[in-house]
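Right, one structure below, let's go through it.
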Amino acid sequence: MSVAMLVFFACGIVAVLGAIGLILAREPVHSALSLVLVMVALAVLYLLLGAAFIAAIQILVYAGAIMVLFIFVIMLLNAGVEVRTNLSRLARWVGVPLAILFLVEMAYAMVREYGTRTALAAGGSVAAPVTASTRALSMEIFTKFVLPFELTSILILIAILGALVLAKKDI
Amino acid sequence: MLILNHLWLLMALPLAGSMLTLLAGRHWPKKLVNLSSVGFPVLAFICYCELVREFFFTLHSPATAWIKNYFTWMVAGNFRVDFALQVDQLTIVMLGVVTLVGMLIHIYSIGYMAHEEGYYRFFAEMNLFMFFMTTLVMAANLVLLFVGWEGVGLCSYLLISFFFTKKSAADAGKKAFITTRIGDWGFTVGILMAFWLFHAVDYKTMFATAANMPPETMQHWGALTSICLLLLAGAVGKSAQLPLYVWLPDAMEGPTPVSALIHAATMVTAGVYMIARMNPLFSRAPAAMLAVAIIGGVTALYAATIGLAQSDIKKVLAYSTISQLGYMFLACGVGAYAAGIFHLMTHAFFKGLLFLCAGSVIHAMGGEQDMFKMGGLRKKIPWTYATMLVATLAISGAPLFAGFFSKDEILFDAYAGPNSNFVLYMLGIAGALLTACYMFRLIFLTFHGKPRFDEHHVHVHESPKVMLTPLVILAILSIVGGWFALPTYWGGTDYFRAFLHPVFAGSTALALQLHPAWKEPPHGLEYEMTAIAVAVALVGFLIALYLYILKPSAAKRLAAGVHPVYQLLWHKYYVDELYGAVIIRPLIWISRNVLWKLIDIGLIDGTVNGLAFLSRGVGGEVRHMQGGNTRSYAAWVVIGAVAVTVFFVWMVR
Amino acid sequence: MVPISYYVILSAVLFGLGVIAFVFKRNVITIFMSIELMLNAVNLAFVAFSREFNQLDGLVFVFFVIVVAAAEAAVGLAIIMVIARNRKSLNVEDVNLLKF
């Protein structure tokens, strides 16, 4: 059991616990905090996979900005304790089995396709190992994917406008 | 060559008159309607005279028909129907009857219909009838003939129910149309079969192909016999023979000029014309010819028996028409086509005259049609009496009148021709006796004796000149119409038969071929036959004289004595009731319960409604998918995602 | 080295938990957060595959996913605020104006 494996299992368990915490928490703020935990764990996993830039982006944007926004809104709206009622019939009899089925199915598919192949094993990738450095990533973004990049900037603009309009008092 | 090149004029003129009167005549004064609607048939007759002149002097009465093809109507592979008109000797005779008698009846109608509503409609429909009848007669192929056939059926329906507000008239129109339709179905199948056999429907090709076919025999019925029997079905319907005659007596609900033109002179003779035209086919199918003859002979006697007991003057004439048509069928059935057409022509004259005179009587009596309420009209309406007497003598076969020669020829050919048949001859003789009997009964009841009506209520007056003139012309024709067919044994030249010879030459020769054992009858036989026929007619006359003039009470005692027989005849053998019970009631039951309730409401409506219900039901269930409940939306999204994933993971290979 | 399938299984587990939260929670904001959880799970899978096939396209995609998630969070929360203002409740079952 190498260090990588240990780290993986630790972070994996933390992530799963965070997700379960999201489900089981009674207050929305607790759910948000669990989600933050999940994101941090995932950031560590990205680091383990060698995507440093992505890990940084994850912490900065996702955990640092988006989740903060969520908590702002929760507190602004004074979301109270979630009332616990019985699950609806559709959810109980269709949703749970389906979700579990989904899970199992995905896992099965993945295992069937990739077995226990480790990264960089023989027969895996054919290209030369590429370091996922920031420099290399930005080269990709600004040459091959420049159009989507520009479009996302427009998308952000639209999102800002939308949020502004929607949040006005007298719409 | 004017008319010969523009044969369509003879059809177009009445059509123009009809359309003009129909579209514009509603508000015209009567004189203008007369001009437009009677003027065109007169013009058509003038064109006909010119056609006759050209036929004789330019074409010299050719041995083959003169055919003009104006345009191709429809082409579908082998099936080709042209708008082609033909003129040959038979056409000349038929066109003469149609245009001359039609013109005279139009002139008569000016007086008869003067006080009726819908004056312009009457003449428009009459002109339309003339158009269709000329199409029928001049057609050069079976399909165009059928167009005319159906067209005259339509006009007959329109004119029978002219007084459409009267229920009996409307019913009679429907009965006529539906009954002839039954025959027309057979006719259509016959045309289709003829196309299948000959690969063409125009006469020239059909007859040329048929000439090379071997004649069929009584025992072996093939395609030719079937075609002829099917065509015969159409003729039986249109010419009111057994068993499809029931519409003609009811058709007397129409105005009297309609009865005269359509149901005496022209439309009902279309069946006879068609059989005569198809003579190359019929002469090669002896079984069909025998069927024609039997139907004709039996109908002739049958209708004559019914005519003995009717009280409505027009119904007597209707049954008389059925009977005389039976004679024409009999003639065609024994191969005496020329005699049949001759009788058709003379019949048009005297039966048309009889109907017009009956109309004159009805007009004089102010609408009364029951003979038992007439009597003693002889001195009051002398012109009508004289012309009607001439017509009665003609139909009874009095010597030297027109009917004498034609009926005589038919009976002679039935007795001594190549296809002779003694039973048929006896049927014809019996019919002749009864014809004389019931016709003179009509004369005596209507014109002789004491008036059986209240003379103060009914003001009997003679008809106006516009009605009398056609009567006189037709009376003259009833006398002289037969003279130019004077047979050789009377010193004449048998001109009519010789004139029509090119049309029937093939059949006549074939008949001689098929009956090699037949010899020419001995010379004296013709005089004997004529004597027998005249004697029989005389016996009929004497019976009527005795029963209605000499001893009027004898008629009543006779009727009481054979009461069941009299009832049977009076009720026309209960045929209408029989048809009603056996055919019409089951048909109505099937229509109501099976076709309407079961199929229309149950099946068709059910299917359509069922689809609607299904759609509604499915929609009612599916609407729960979008119930406004956000969480169920979420559930459905997940279900969809799972389904897509399953598809991609397991199904896509 | 950690086999790639482990990462992918983890991603699947997280995604499944996100789905469960999406279906079962009643607070609108919590549902929205479960969507974010699902996106994160997918991001993990992308990064894992990018590492597996030695291509940078996966990472680029993760970059764009994060950007779009940010924009979506902004607009979505604005909508949630409007809903909360109108329906006076954050319970998703109260958003039922379309209910028959």
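Order of writing sets the labels: A, B and C. Residues in every chain begin at 1.
Assume contacts are C-beta pairs under 8 Å (C-beta built on N, C-alpha and C of every residue); 3 or more make two chains touch, one makes a residue touch a chain.
Computed from a predicted structure; not experimentally measured.
Note: the chain lying farthest from chain B is A, by mean C-alpha position. The greater number of contacting C-beta pairs, out of the two interfaces B-C and A-C, is seen for A-C. One simple way to say how far apart two chains are is to compare their mean CA positions; for chain A and chain B this gives 96 Å. Centre-to-centre separation between chain B and chain C, using Cα means, comes to 90 Å. Centre-to-centre, using mean CA coordinates, chain A is 7 Å away from chain C. Counting partners per residue, chain B has 631, 635, 638, 641 as the residues that reach two or more other chains.
Multi-chain contact residues of chain A (touching two or more other chains) are listed as 91, 95, 99, 102, 106.
Shared contact sites, meaning residues of chain C that touch two or more other chains, fall at 19, 23, 26. Residue ranges of chain A in contact with chain C, taken from their complex: 2, 4-5, 8, 12, 15-16, 19-20, 22-23, 28, 31-32, 35, 38-39, 42, 45-46, 48-51, 53-54, 57-58, 61-62, 65-66, 69-70, 73-74, 76-77, 79, 82-83, 85, 87, 91, 95-96, 99-100, 102-103, 106-107, 110-111, 114-120, 124-125, 127-130, 132, 136-137, 140-141, 144-145, 148-149, 152, 155-156, 158-160, 162-163, 166-167, 171. Of all residues in chain A, only 88, 90-91, 94-95, 98-99, 101-102, 105-106, 109 touch chain B in the complex they form.
Residues 631-632, 635, 638-639, 641-642, 645-646, 649 of chain B touch chain A in their complex. Here chain C touches chain B in the complex through residues 19, 22-23, 26, 31, 92-93, 95-100, going by the rule given at the top. Contact residues on chain B toward chain C in their complex (touch as defined above): 623, 626-631, 634-635, 638, 641.
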